[in-house]
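Two complexes follow with chain A in common, the first pairing it with chain B and the second with chain C.
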Partner chain A sequence: MSEARPARPGLYYPKLPATWWLRRPGYVRFMLREVTCVFVAIFLVELLVIVYKIGQGPQVYADMVAKLQSPGWIVFHVVALAFALYHTITWFQATGVIQVVRVGDRQVPPPLVVAGNYVAWVVVSLFILYWLLVRS
Partner chain B sequence: MSPGKTIEPLWWSLFSVGGVVAAFLVPVHIFLHGLALPLGWVNVSHARMLALVSHPLVKVYLFVLIALPLYHWAHRFRFILEDLGLHGFRAPIAVLCYGSAIVGTVATLWVLIRI
Partner chain C sequence: MTEETITLEVTRYRPGHDTEPRTESFSVPYRKDWVVLDALNHIKDRVDGSLTYRWSCRMGVCGSCGMMVNGVPKLTCSAFLRDYHPGPIRVEPLANFPVIRDLVVALDDFLEKLRRVKPWLIRETEKPVSEGEYRQSPAQLEAYKQFSMCINCMLCYAACPVYGLAPAFVGPAAIALAYRYNLDSRDEGYRVREPILSDSVGVWECTFVGECSVVCPKGVDPAAAIQRSKVAGAKDWAMSVLMPWGGRK
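Moving on, here comes the complex of A and B:
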């Protein structure tokens, strides 16, 4: 257990400028996909703050919602929503390739797996809206 | 740990679980909390919000929604930084990214338990 791990073989890194991903549209799309995680994370921290403020009472929560009405926050949320949707689209696309679904001996065609994900996503999203806005 | 074994697979699985959660749940919540509620398209009273977030099952839901995608972020952000050329700082970058996700998890638990 305690013997030293062998040193990692030297990893080779091609020398690239930090802007290598601007060279081709495909690289840009790759970087945009990776960056979606930043918007998701910022929003989730914000959501945690919202939940915290709900616990602090009606006035604190109302102040928070009022703050989110500012143009800056609205623009941020429009952009964040676009990135979040880009994550959803690219994630489902990848799922179709990675996740092999079999029925009996047959593999379900990847486009059908992707379509199934979209259907599930729409159902889940509508259910959350229904739960929050309509129920009780 | 035997030679060559790492906890890398753990981060990878948290990355994909968090990615699934983010793909399915985050857009509707950005729409709701970021646009629909502040812009007054819909209205949910504070009392209803408080009743919701106080419910144990909703707390579990919020924990899954907030904490798991933080690991998704940590994993991707780590590789963004490496892809931008910060190879010399692999270890500190990893510690900082996964560490932030762990701090976020603890903060999420703290907020949810206290409500």
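Moving on, here comes the complex of A and C:
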């Protein structure tokens, strides 16, 4: 964070309280978007542990899978999925604001840019599903 | 029949007397066609002449009458009492700015930042007047027009928690205006503005809360200007690394 500005005498300098993010719904949504990274990071660590366990043999991996079926882990995965979806949707929304796409002289309307993300998401997801369920 | 009234809870601060702002309640006539500024003018004319606030055009153009109305940055000349009925309506000075007196905030920090981004046309060499004006096509005008609608009302700064937490941040309106001139086909000042925009207190200080664009009364979308400046700056840096002999814009 940057340095404080020099104070002029006679002026009242308001301070933002630690609860500033509760003042407006937009601030709360922003903080939720920031918090998503915590859940995504925990899930990525979990994924790395799973890959490591696979390398240690079928029995170790089966024990790991059994552990992940506990109610606590299931709740975590549901919450992590909700945050990951929230992050994805807000990220897609943001591309409509950030990315200017031009065709010739005309700018592609931002909703179409956002829609392009969703189409790409569906196509990639279907390809992965096909690859996992049909090919393997 | 008694006239219907609405209560305004107005922030008062007298330099030299008060150590911090306090709230004073005023009962004003409730008229459906009155805006908050009309109610403040009524208080100043009929109740307490010492109430201090800024206003000028009264038609949403000059940007002088920006205040917090029920916690939201608003131009008080376009905030109708009927939208807050039955009240009370809380009127405070613009958030994140130092308060001079009552509802008047200090502008100098914003004006210094505005000057810093050089919001005017910069040419490497000026052509003589005899050669005529700089011509521009409708498409070239359209490229920056949205960002030229800023009226410097500073509502975006009041909505920006980053500016509240880190006052050195150049901020939404100044960056939107810098971006507006960078997009202008007549301008050649990108290189001059780049160090200001890519500074640690420039575009990279923004965490994309996005509320600056929500409160803008002119639909300028400063958040878009900042994020697009980030993309432009990142591309520019990448090109300077990949093609140091002249890949930059």
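Definition applied: the second predicted complex is superposed on the first by the 121 of 136 C-alpha atoms of A that agree within 3 Å, B and C clash if a C-alpha of one lies under 4 Å from a C-alpha of the other, contacts with A are read in each partner's own complex, and residues count from 1 in each chain.
Everything that follows uses one rule, which is that contacts are C-beta pairs under 8 Å (C-beta built on N, C-alpha and C of every residue); 3 or more make two chains touch, one makes a residue touch a chain.
This structure is a prediction, so every number in the text was calculated from the model and none was measured.
For chain A, the partner that touches more of its residues is B, with chain B and chain C as the two candidates. When the two complexes are overlaid on their common chain A, residue A:68 makes contact with chain B while staying clear of chain C. Once chain A of one complex is fitted onto chain A of the other, the partner contacts of A:88 are limited to chain B, with no touch recorded for chain C. Contacts of A:21 after superposition on the shared chain: both chain B and chain C are touched. By the touch criterion stated above, A:13 is placed in contact with chain B and with chain C alike. In the superposed model, A:100 lies in contact with chain C only, and not with chain B. Judged by the touch definition given at the top, the superposed model places A:133 against chain B, while chain C stays out of reach.
Shared contact residues on chain A (touching chain B in one structure, chain C in the other): 1, 3, 5, 11, 13, 16, 21, 34. Those residues of chain A whose C-beta lies close enough to touch chain C in the complex are 1-5, 7-8, 10-14, 16, 20-21, 23-24, 26-27, 30, 34, 94, 97-100, 105. If you check the complex, the residues on chain B that touch chain A are 1-4, 19-20, 22-35, 37-39, 42, 44, 46-50, 52-53, 62, 65-66, 69-70, 72-73, 76-77, 79-80, 83-85, 87, 104, 107-108, 111-112, 114-115.
Across the complex, chain B is touched by residues 1, 3, 5-6, 11, 13, 16-18, 21, 31, 34-35, 37-38, 40-41, 43-48, 50-52, 54-55, 57-58, 61-62, 65-66, 68-69, 73-74, 76-78, 80-81, 84-85, 87-88, 91-92, 120-121, 124-125, 128-129, 132-133, 136 of chain A.
Residues 13, 15-16, 18, 20-21, 71-72, 95-100, 106, 109, 139, 159, 161, 164-169, 200-201, 205, 207-211, 213-214, 221, 223-224, 227-228, 230-231 of chain C are the ones that touch chain A when the two sit in their complex.
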